[in-house]
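Both of the next two complexes hold chain A, though its partner changes from chain B to chain C.
And now, the complex of A and B:
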């Protein structure tokens, strides 16, 4: 199956960055970005890019994955709560399954999402990994 | 000083993948004697994960460099990726990294190839672009997932990692690039032909006429041009294909070991090629006091070397904690066996 170049190109803004909406009327943050607030319906919302720091809320480990993702098995899928105040699903990488725990600090990183054979396109996008270093990633407005 | 400060390092960032392969594991698989490992001074090497490549490594290092530079991505007028392990033979890595970092279209962007010194040349190009007023800031990335034929002695050291630097306005920099000098010849010490996955090297030829001659000529050229002496430098960082070569070239140039050791990372993470000397620079910037002077001399096969004189400024103290340090990344590690290494580095050919 060929990955479509136009499709990847159209999606790149949403693949490469976590774009969310912030409501200026009630302060709610929500993902994915949309034109009206999911809480108060105000249309006074702006699209922002997350700094990518957050906390692992829940996770599950997938041992059976699609054939084309076999190299990535087992895959960890988690719910991450970003510091900006919204949640999303994501792939968790660079964590030993036995070290995973709810509440661990994670950050969004660019990784290969899909590779189309040996001659097709490589699709890059956001995954999450545990933060590096003691001081980094405390949610103190770094970045 | 022969040259006025024209550009500086505004921010620096490093990235070393989580996984490590021990040199002793490679020796065990291929039947090498332990003395080979000792002669190279290599303990273990970093291995990129299955979903990592030069683009993802470059992106990680760049993100940390931009955090420390404290500039808006919109101010970056050039993105250069020095690498010899481009994910695409044709299609720039620089455009993907730039787009993912939110750097707008009004920019220069390209991948440069000169074995391990392409990113070093990108630093000199950036100084020129900034000094001429063409751009305000440049993002220079040195990143590789270095290839080595299984069982080749190169496999002990060829590793994955990278470093990135925002070069720009000296008045908003953590260090000034005071002067630089390049020395380049046609020397066939190491090469990889188009379409072939692994490089070839001229065995003993890689030492004297290549690594040692070019670095020594570049350093001597810089000293002559600038009027500086080795004793004016607090830290000296050389390209480090293994742990031993930088100490040997240092001894030929009369550099005390204690000025070289802080910039040595290869024994712990392997040779990250374009990231090699630049990870050493990142580690030194993690610790250097304001007023320190750094001599940086990367080397690339083919062959060439650049020497830079870099003066650390007061501002460095406030930028350091804005991103993880090289040592934090060296300490973050997970050992894998040889079998997992050949899988994640895509050395298994599937039907």
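And now, the complex of A and C:
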């Protein structure tokens, strides 16, 4: 399967930043961004961009890695709670698996997602890494 | 006028890595077995459920190709695709065609070639059941999502991995008695120790096996000699991912689709004596049982009986489930429905009660339920 240049270009705003929805009616924030609220169904939602700081809520180490991601195996897949108050699945990088802790602070970084052969597109996207010096519990109470 | 809808016949091909058979041969085998067991049928409609023939077999319009291969003519032909829930979505489609009067007899065949490629490619295609711009593109596979939900489940309700491993042991025990099951061997309570980790804490033995299969049903407006009536159907949906929901451990769409089907059948869940559920990964078996309302939240691992494979008075996954019968994607819902159909006809204990099937795509992202009872 070849990567489509128009598709990757079209997705640039979602790949290079974390765009989420904030509901003006009930205050809920959620990811991915949607046209109406997943809690109260209000259409009065706006798209916002996260600052990319959050907390690792849960994670798994994935060994059965899908094709085209195998250079990254094993992959750490985490649940990150962003400080704006919503959760998403994200790939965790730059950390020894044994150093990962639930509750540790993480930050968004731009990283390579996949490479389409030797002459095709290189797709980049947001992953997460531990905040340097991050310790368990740091930043608690911030969302 | 809404017509009653009956299942008159069915069949299932052994789920396996059928390197010698393509989707046409598998579909033909299912059709032949149906006719040799129940007599010839005269469908005016063919519904094929198949999840990924484009990716696995380079085939678009698969229903027309199968109709031609079976030499069936003058048919209304459809393919139904709703990811790994395609099979039950196809049953709802057939139900709608027959109950509306548009079709008199619908041949439904679920067929899937899964084991055509190396595991990483199969995992890649299976990852397409979610939102490809989000989880798919980042490599956040269904197995990793199931692993995360397993950890949240264990954390919240205080279970160990060993506690949850009861389910694969039970499913393998059940599959030994199922002639078309893929994994017909017993496990021990510590068999996981030799099983490779796919996404920790989940091991290969916590996931459905990759295998090919085909299963067929004949659904019509006439009860005929043997018949199981489709008494209720239901469907609902939720977010593609589980983690953006208010509670990732409760599959709301599973509850809603089951409640709709029960309401349509006019019964309470206590009348359902046998159900086949979608247990693609160990944690989903427990979450689904709890979401169906058959057991309190957090109680499923404690309440499932290893002796009778039941929760209270409801038998669960006598087939061995996706875990051990197997899960040939788009065909699975047809296998599940065929198994309940066979049991309602064959088991005296179930003669006065209802059977049910639950199916879903992803972690309850889209859900389907069917409720049946024997009428002849």
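Just so it is clear, the second predicted complex is superposed on the first by the 130 of 143 C-alpha atoms of A that agree within 3 Å, B and C clash if a C-alpha of one lies under 4 Å from a C-alpha of the other, contacts with A are read in each partner's own complex, and residues count from 1 in each chain.
We adopt the following convention: a contact is a pair of C-beta atoms (placed from the backbone, for glycine too) under 8 Å apart; a residue touches a chain by one contact, two chains touch by 3 or more.
Since the model is a prediction, treat every value here as computed from it, not as a measurement.
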Inset, instruction - Could you tell me if A:133 is touching chain B, chain C, both of them or neither one (first, second, both, neither)? - result: first
Inset, instruction - Could you tell me if A:24 is touching chain B, chain C, both of them or neither one (first, second, both, neither)? - result: neither
Legend entry - First, second, both or neither for A:64, with chain B first and chain C second: second
Inset, instruction - Check whether A:122 is in contact with chain B, with chain C, with both or with neither, and answer first, second, both or neither. - result: first
Legend entry - Touching partner for A:43 - first (chain B), second (chain C), both, neither: neither
Inset, instruction - Return first, second, both or neither, reflecting whether A:94 touches chain B, chain C, both chains, or no partner chain. - result: first
Inset, instruction - Scan A:72 for contacts with chain B and chain C and give back first, second, both or neither. - result: both
Inset, instruction - With both structures superposed, pick whichever of chain B and chain C touches the larger number of chain A residues. - result: C
Inset, instruction - Mind sorting out which residues of chain A both chain B and chain C touch, each in its own complex? - result: 72, 113, 127
Legend entry - Contact footprint of chain B on chain A as seen in their complex: 12, 16-17, 49, 71-72, 93-94, 96, 109-113, 122, 124, 127, 129, 132-136, 142-143
Inset, instruction - Within their complex, state which residues of chain A touch chain C. - result: 11, 14, 30-32, 38-39, 58-70, 72, 75, 77, 79, 86-91, 113-114, 123, 125, 127
Inset, instruction - Flag every residue of chain B that touches chain A in the complex, lowest number first. - result: 18, 49-53, 55-56, 59-60, 63, 67, 87-88, 96, 99-100, 102, 321-325, 328-329, 332, 334, 343-344
Legend entry - chain C - residues contacting chain A, complex: 118-121, 123-124, 127, 131, 133-135, 137-141, 143-145, 147-148, 151-152, 155, 196-202, 239, 241, 243-246
